[in-house]
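Next come two complexes, and both contain chain A; in the first it sits with chain B, in the second with chain C.
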Partner chain A sequence: MPKVTFTDHAGETRAIDANPGDSVMETAVRNGVPGIVAECGGSLSCATCHVIVDPADFASLPPMEEMEDEMLYGTAVERRETSRLSCQIRITEDLDLHVTTPETQV
Partner chain B sequence: MSRDGLLIVGASQAGVQLAVSLRALGHDGPITLVGEENHRPYQRPALSKEFLQGLISKESLIFRSEAYWAEHRIRVVKNERIVQIGKSDDGSGTAYAESGAAFDFERLALTVGARARRLEIPGADLAGVLYLRNADDALELKARAPEAGDVVVIGGGFIGLEAAASLTKMGKRVTVLEAGPRLVGRAVGPEMSEYLRAYHAERGIEIVLDAQVTRLVPADSGAAVGGVQLADGRVVPADIVLIGIGVVPNTELASTLGLECDDGIRVDRYALTSDGVTIAVGDCANLPNPVPGAPPGDRIRFESVNNAVEQAKVAAYAITGRKEEYAGIPWFWSNQGALKLQIAGLSRGYDRTVVRRDDTRGKFSVLYYRGDRILAADCVNAPLDFMAVKAALADGSVIPYEQAADPTVPLKKITVAADAPRETRNELT
Partner chain C sequence: MYDERIGYWVVTRYDDVKAVFDDWETFSSENAQAPVRERGAEAKRIMAEGGFTAYSGLSARVPPEHTRIRKIVARAFTPRRYKALEPAIRANVVREIETMLRRPDRTGDLVADLAYELPTVTILTLIGADTSQIDTYKRWSDSRGAMTWGDLSDEEQIPHAHNLVEYWQECLRLVEEAHRTHPDSLVGDLVRAQEAGEEITDHEIASVCYSLLFAGHETTTTLISNALRVLLAHPEQWRQVVEDPKKISAAVEEVLRYSPSIVAWRRRAKRDAVVGGVEIPAGANLLLVMGSANRDESHFEAPEVFDISRPNAREHLAFGYGIHYCLGNMLAKLQAKVAIEEVARLAPGLRLVDADAIEFGHNLSFRAPVRVPVTWEA
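Then we have the complex of A and B:
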């Protein structure tokens, strides 16, 4: 089963079994992982599902589209090198992804 | 059912957020979330967009997993319509469902939302005349769509245009009939209305403005709709008529409880109704305009996810005994096919606009000003504009009117910081 490991800004970690086809955001929200707000429910409209992907995993993800790239300039905590909007990352069969959630999303 | 605890009537965006925020704040008491729909609590926005087009499954509309509700001891009851409530002066009481089930409560929250406004003209009860407010509506539309060639959408507001764009993508011939002189007249200014009209017309949607619909005409078979007749006698063929002419807030329960209602259940800045205890949140609530600097006494009723979420947080604070005033910058989005509209702020009261247009990149923003103060922006495929305005509204900084029109200059670059940053609240993100 694919797995996403969420680490919050204080260092606390939760590993969640994920379903292929879901987004990383859905995986977090449905399971009540704090630190991801996702007000627009994955519509790529709110930029409150910001995560910082572990640099070791970043290159393995499909590249982002322009819209996501622009939205990332509006996140509450300034974007980093490996920032993504988690609603745009799809869970694939053998994914083992590590992300950090920022201190705040709004 | 325990005598104590919070009963939340209406298990959607506002009700779910209230329950979730209460647990996030450490509220420990029993919480029951009861809803009339026979579905697990789900999100509505995709019903006219990705879900209608079959791009996402029903499962991805669901707010929270069963495990989440269990772990957080939130009792979720579906398929129970509350029809009567008895309440004492201290705010406690019992709510009765149509089925006869009774729910005792220590405190009541009404998150009952709104329902689709019905079109009252001859033929409105024909089969194939549909609305789009809830999941059952969307499922029926999806079920009928494969057989349909022509769809007429009555109402050129957000939901009508979203559905029209989705149905066009699904290969339907779509006509939008709008009674007013422009599209989305209630929510956007004339420049944006015209942009939307041209955009959708270019993509094959027939748009009729100032359309006076007189009746819905049955198909030859008799029972199902076959067309929409206009005042000039013309009949627009339709296998499906989708009506999106706005919503009516569900105030009936509140009224019978003696709570003040006026275009929604009246609440104060803490989401408290006129009895001072009962909570009302979301599309059903009429509230003081939360925009900083809004005219005193100005009231508003929102129909947006952002409001349901933010007001629910304020209500959660109120329930835990902490008074946090509802203040914030409203925002909204509407995806119409590949067109992505994002709105920050409230344009009411504007006296001039700036248009930023970049046709090579398909970007179009309208900034609304009152004098030199920016009030709002409608942004198409322009998230940087949207976020720059949202940020400026939140911290009071200035986007100079004279410099804002050039789309090659990012708004962020010309923004001038306010003298003192405003305070931000809260651990609830």
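Then we have the complex of A and C:
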């Protein structure tokens, strides 16, 4: 089963079993993971589902599209090298993804 | 509950409002811009003769058309583009506050003196429209609000019908001009996208202008007015904001929950459905009351209390939810934040005058204070 491990800014970790086809954002929201707000419900309009992907996992993800890149300029905590919007990352069969949530999303 | 006066099913619970917004296949936004009261014969004639063919830029369009246009527009309306405007926004705020504070009688109106002009200049600048025409755009926007969400008699509609014709003609002209001059603006970007092969017509670009030149300032004027109105009405929380400006972003979220600019929005059932246990027939109209959902005690603890430290304030539905989520939400919040930061810095001792006497415009969707009178010590 695919798995996403969320670490918050204080270092607390939650490993969540995920369903293929969902987004990382949906996985977080359904399991009550704090640190992901997702105000707009995944319509790429709010930049409140910002995560920083573990650099070791980053290259294995499909590259982001232009619009996600543009929206990352609107995150509450400034984007980093491996920042993504979690509503745009799809869960695939053998995914084992590690992400950190920023201190704030608003 | 079915409201016979307007012919709408009224949805007030948080979970129900959110679920209807989320299920765009069952609940279409096609009626979101329909006149609540049918237009009179004379208004219809004026608008037909004036070539008025606008309906909606995005909010009342439905997929796949909505998806296609929104994608193109969203790319031209990103944080990267409008964050560049922040210094100009801040300079405008400072200039307006300083002008107000110079008044010898130490009285002001935060709507007229600050909230009215600021977002209007911002959106006109982004779109590439004439920033010297603020009053004209505000007049057109008032007409659009009154003609769609108001309850005007046939006679009262006539001047507004003329305004809508002028407004739409200006949108068409902006697009036509952009084809010739290729300006560095949102209209310029949309025209360039079209010329590069993107599927968007001139009528659709003009319709987007028609939307943004209304939605892009009207509700932000209201947000800034409400933010200061509510914060000043809670002096203890205003003091917190003055002492620690880092709390302003959270305060803006709580204002959006407690007093959203748009308190109700419309959808139409495309098939038989059940909302909150009530059967809704296909074709029925729904009125989603976000102002009520935002104060649903099953989602927000002590919902009638304004509390800038509320942990889940940002779960409010002020901007809707799902595919139609307010495109300009981040620009609106940015402007409200800058306005509060500068008022807190330059005029921390501002006080409301007769807060209970503040009046709001009358219509189905927009809850906007007409005036927010303030005073201060010398």
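As a convention for this text, the second predicted complex is superposed on the first by the 106 of 106 C-alpha atoms of A that agree within 3 Å, B and C clash if a C-alpha of one lies under 4 Å from a C-alpha of the other, contacts with A are read in each partner's own complex, and residues count from 1 in each chain.
By definition in this document, a contact is a pair of C-beta atoms (placed from the backbone, for glycine too) under 8 Å apart; a residue touches a chain by one contact, two chains touch by 3 or more.
Predicted, not measured: the structure shown is a model, and the values here were computed from it.
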* **Partners on chain A (chain B, chain C) - clash or fit** => clash
* Asked: For A:Gly32, is the partner it touches chain B (first), chain C (second), both, or none of the two (neither)?
  -> first
* Structure fact -> The answer to whether chain B or chain C touches more of chain A is B
* Between chain B (first) and chain C (second), which, if any, makes contact with A:Leu61: first, second, both or neither? -> neither
* Should A:Met71 be classified as contacting the first partner (chain B), the second (chain C), both, or neither? -> both
* To do: Figure out whether A:Asp22 sits in contact with chain B (first) or chain C (second), or with both, or with neither.
  => first
* Asked: Can you pull the chain A residues that chain B and chain C both touch?
  -> 37, 39-41, 43-48, 67, 70-71, 73-74, 105-106
* Structure fact -> In their shared complex, chain B is touched by residues of chain A numbered 22, 26, 29-32, 34-35, 37, 39-48, 67, 70-71, 73-74, 104-106
* chain A residues within the chain C interface of the complex -> 37, 39-41, 43-48, 66-67, 70-71, 73-74, 76, 105-106
* To do: Can you check the complex and tell me which residues of chain C touch chain A?
  => 21-22, 71, 74-75, 78-80, 83, 249-250, 253, 314-315, 319, 321-327, 329-330
* **chain A partner contacts - residues on chain B that touch it in the complex** => 20, 24, 43, 45-46, 49-50, 60-65, 67-68, 71-72, 305-306, 309, 331, 333, 335, 340, 342, 381, 383-384, 386-388, 390-391, 412, 429
